[in-house]
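Beneath this line is the structure, given in structure tokens, with notes to follow.
For clarity, chains are labelled A, B, C and D in written order, and residue numbers in each chain start from 1.
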Amino acid sequence: MNPLRLVVQPQHCIGCRACELACAFTHGAEGQPGASRCRTLTVGKDEYVPVLCLQCDHAACVQSCPTGAISQDPVTKIVHVDQEVCVRCMACTVACPFGNMHFDPNGQFVHKCDLCAGHGDYPRCAMFCPTRCLSVERMEPVS
Amino acid sequence: MEQTGPSTFYMTINGRRVQASAGEYVLDVTRRNGIHVPTLCHHPAVEPFGSCRLCMVEVTKEAWKGWKGLMTACLYPAADGLVIETDSESVHRVRRNVLDLLLARCPDSGVIQKLAAEYGVTRTTFTPRENPDLCILCGLCTRVCETAATAAITTAMRGHERVVGTPWGGPPPDCIGCLACAHVCPTGHITFEEHGLTRSIWGREFELERCADCGKPLPITRDQAAFLCRRQEMDPSYFSRCADCQRKMVAERMGRMARWQTLGLAQEPAERGKEVAR
Amino acid sequence: MDTVRYETVDAFRDHAAALRGSDLARRRRVLVCCGTGCLAGGARGVAEAFAEHLPDNKQTELGLVVKRTGCHGFCEKGPLVVLMPRGTFYRGVKPKHVPEIVERSVVGDEVIEELLYVDPGTGKPVAGYGDIEFYAKQTRVAMRNIGLIDPANIDDYMLRGGYDALARALSTMSPEQVLQTIEAAKLRGRGGGGFDAGRKWRSCKRAGGDVRYVIANGDEGDPGAFMDRSIMEGDPHAVLEGLIIGGYALESSQGYIYVRQEYPLAVEHLQRAIEDARGRGLLGENILGSGYSFEIEISRGGGAFVCGESSALMRSVEGKVGEPRAKYIHATDKGLWDRPTVLNNVETWATVPCIVEKGPEWFTGLGTERSKGTKAFSLVGKVKNTGLVEVEMGTTLRQIIFGPGGGMLDTGERGKFKAVQTGGPSGGCVPESLLDLPVDFDTLTEVGSMMGSGGMIVMDHSTCMVDVARYFLSFLVDESCGKCVPCREGLFQMYQIVSRICEGKGTPADLDKIDDLSQAIILGSLCALGKSGPNPVLSTLQYFRHEYEAHINEKRCPAGVCKALITYSVVNDRCDGCGACLSACAVGAIMGTPKKGDTFKIDALACDRCGACVAVCKRGAIAVA
Amino acid sequence: MTQSTQTQSMTTEVDTRPAEEILGQYPADARYLISVMQDIQLRYRYLPREALERVAERLGVPLAKVYGVATFYKAFSLTPKGEKELRVCTGTACHIRGAPLILSELTKRLGIKPGETTPDMLFSIEAVNCVGACALAPVVVVNDVAHGNVSVTGVRRLIKAPRKSGGAGGGTNKTTKKQDN
């Protein structure tokens, strides 16, 4: 299957934050909601932008990690943090030019959007988005 | 060179047939299969070391004619036909003694107390150390410092005098204050403090990098940023803003783009202007 | 003779033949032992006196040469001077004796009786080298040249057949044939475990890759062992030749000799030998025109016993802390700088040229079924003749100790044989009942000890076996690298337990604790240091359990060694009031005035039981209870 | 029995030129670390921090690693050693022939423990592993000269002569030398 891509169209965002809730509940543990990997920002009057990881190729987070804990899956193109390997030096949280590396101060771990890999493998934020703001499309096959 | 064996094969762990592949260690295989083997000195970010001896398992093979040996799972290469017991009597004897010894060394460590209790040791049967601390000398801190940072700390001395420390016991000149050592320490022996723009660890104070926009402290030190630029070959601008400000910038820009898009324009006028000028 | 570089094997052979047929080979030799032992006894002065009384022109005139040699092994009696070919053997020579020796024995033909070795058995002086029991009962292979040649002179080595084996290997054998020869000889490593050298070489060769290393382990750390020191100091070319032949068999181009920091003279002699061999074309580029090139570098140790362990040694050569690594992947696959590496001990390498020269059948003709050849031992402790002996494998402990060793040092009840410690801190103590054990790698392991590198420490009844166990534990606690828990913490706790027993605070439960902990240390330690660390305790516990029990149950040290369990007192009718003990006592615990007839007293509270008074008392008037 | 990890208390400037000279004799490769340090130890009788900083820089080894090596191996000392280094062999042969007695005699007479140096910088005592001169047990090595069959009284002789002239200061080196034969 071709890799998924999240498409964000802020013009449709109504600031309902359903995406944040969906994300937090999906990635929580033992029924507790976790911090959302998706953040909706208010940029003007009634103007909202959900900011999520773009799963960049040659990502800054990957490059900045001194232990090689962050990598991009060659097939799914998802940039993933291996929590076992991570030493929490926080370099990636600063390095991401889009501010999409989050740190959970309670659980003491770095997290980011993984397109719900392992959680139904389909982005929940998009599933719960009441408008067309967040949608999913399949990329062209990797050559 | 001829191929010495197939790249995937089967071995038996606690009577269960499990698949493994060349290049894996026994511990990788047990972990993948949810078989619990305790460890204290293991961390996937660094090379296996084999110092705590807790992950010892009993290994044999049909060809060994009944001979069994205790091996550290973290270092023993997975191989075709291995028969492994992770909880045999001799395995327990080693683990119980190791934990008893560690409890004599670090009687106040909650982590060790808990693990030791699992092997029936609630109080050490040995002579407890005078003035104990929480360091079990697993060497994770020094190893992670070497792989992820600057090898600023080291094990010094040898034998029973061995300690983890800094050159001449003073503030380590090469330290970048990244806290990786503190985060990997299994017993919480390595401590640090953060006040405002200052972080202190190993008796050294570090100034935190500040966000170029909002001025708030970033979770990395100036030395760390400089180190990352050098070692990871990145431009300093990558380490100049906080995640909040980065997100704000992205959101504002995307918001603007959305605004133009609603107006039926494909690109921001300013950007288009630039392109034309070029 | 002028320095020559042999461009071909034939050139080497011609020169060697010329050398052996020359006047130099026929000259009489005055050998002055300049081994560490004799140097400590003042051999340098003796050698200088000979140089003064026999200048070069006089040596030529008299048709003789004066040589400073390596250790003769009979260190107890040094400084030693041997006159060859007659074999007159003078011991305890001082510079003042030299003029007399020159006049009567060198220029003249007399034997100076006062300087001869007196046989302790017959009480008669022995004139000849070969007649002395210490030497007569030895078979020297690895130590074949030591004491007979000047280690700083390559010609001396060549006069005794040196480098013939290398020339033979390079000109008539393929690397594979050399390897097969070593395999056929069933040579086992002389450094400790006795691993089959041929098998080791074979697996290294099989490991593939272009770069391989060979290493000579000269980190002789076992306390009480100094054979390797003597070989490196006294016959450095033998080590080089073995290493070059090994390098050729393994198609390696780089060898290392790792020498203990404590052996500066060995470094000096090896360095000199390397330079000389290189100058002759026996080392370096295109050796003897064969196309084979090989370099040797000396790596000095930093003073750490654990570096005798192969993986720790390799880290040390790399310039790192000497911490062992797990050996699930062998050094023959991934050793020095992760390249296939063969590491053998100095004695093993020194044996290699003999095997190549004389053939594997000759070697397998010596020794026992599973341990071939000979083994060098350093025989020390409470024996009459301490020093180096090399005997055939399978010689019994009794034959060694009461043969070359000359029997026990002291007379009386306390001077009787109690045990012999072999294998250093990894070995154990063998009791009297096992004295007729034929010594080889396997028999010693079977009785709970080890061959080790060949240290043999003889103990009499004045030695406390619990104290010996404690001694080895304190050594290991100090020398453990501290990497793994069982060794670092376990041996330390074991030391605490045994110390408690020595102090009379032990309980019967301690012995069970020792047993359980020992098993965990043996099973759980990372390297051989830890795995064999409990051996000295276990073997003394096995054979001398009653001594442990005496300490625990009766609070008594049968040998009178453990300080907490003994008291000193003055035996009045033996004391003559000389007062030697008064000045010997550093804590002022002895009361009395030094005059004839006064009686001395020891204040038991002030006494720190150091034993200084016992050591100085010439009349044995201080009793230990 | 261990080396002191305390920071150098002396504040005198250390001349690093000899260290630079030693470094100049070796290729700038991490594998020569131990060799370089041995030469420095020989020259300075200890490893001055300033010298080790040069070593770390030149050989490209982190300073902490250099420090680790310096404290791991017995040959190295981070504190200056006395003019006369008395190394008491504690090998097995020496042990059973009375080395503990020799050692305790020395520590009592000099008032320092093994590993320490007298305040006047004249003597250091080290309890060392077998020096390989077992046939002469017990052995004390004084600045690389082995003294065999040492007795309690003999040991006193080893520490006597320089003591007497110790008060006179620097000019007494010659009298101390004689003692070594």
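By definition in this document, a contact is a pair of C-beta atoms (placed from the backbone, for glycine too) under 8 Å apart; a residue touches a chain by one contact, two chains touch by 3 or more.
This one's a predicted model, so the numbers in the text were calculated from it and none came from an experiment.
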Highest contact count belongs to chain pair C-D
So, in whole Å, the Cα centroid of chain A is separated from that of chain C by 68
Per the C-alpha means, the centres of chain A and chain B lie apart by a whole-Å value of 24
Here the gap between chain A and chain D, centre to centre from mean Cα coordinates and rounded to Å, is 61
Residue ranges of chain D touching at least 2 other chains are 65, 68, 72
In chain B, the residues touching two or more other chains are 155, 157-158, 161
Listed in rising order, chain C residues that touch 2 or more other chains are 304, 321, 478-479, 481
So the touching chain pairs work out to A-B, B-C, B-D, C-D
Chain C partner, complex, touching residues on chain D are 1, 30-35, 37-38, 59, 61, 65, 68-69, 72-76, 90-98, 101, 104-105, 108-109, 128-137, 139, 144-148, 151-153, 181
The answer for chain D against chain B in the complex is residues 2-3, 5-8, 49, 62-68, 71-72, 78
As the complex stands, chain A meets chain B at residues 8-11, 39, 41, 43-44, 47, 49, 51, 60, 63-69, 82, 84-91, 93-103, 108
Counting only contacts in the complex, chain B reaches chain D at residues 142, 146, 150-158, 161, 163, 165-170, 172-174
Listed in rising order, chain C residues that touch chain D in their complex are 36-37, 39-42, 45, 75-76, 220-226, 229, 260-264, 299-305, 316-322, 378, 380-382, 386-387, 421, 424, 455, 457, 459, 463, 468, 471-472, 475, 478-479, 481, 584, 586-587, 608, 610-612, 615-616
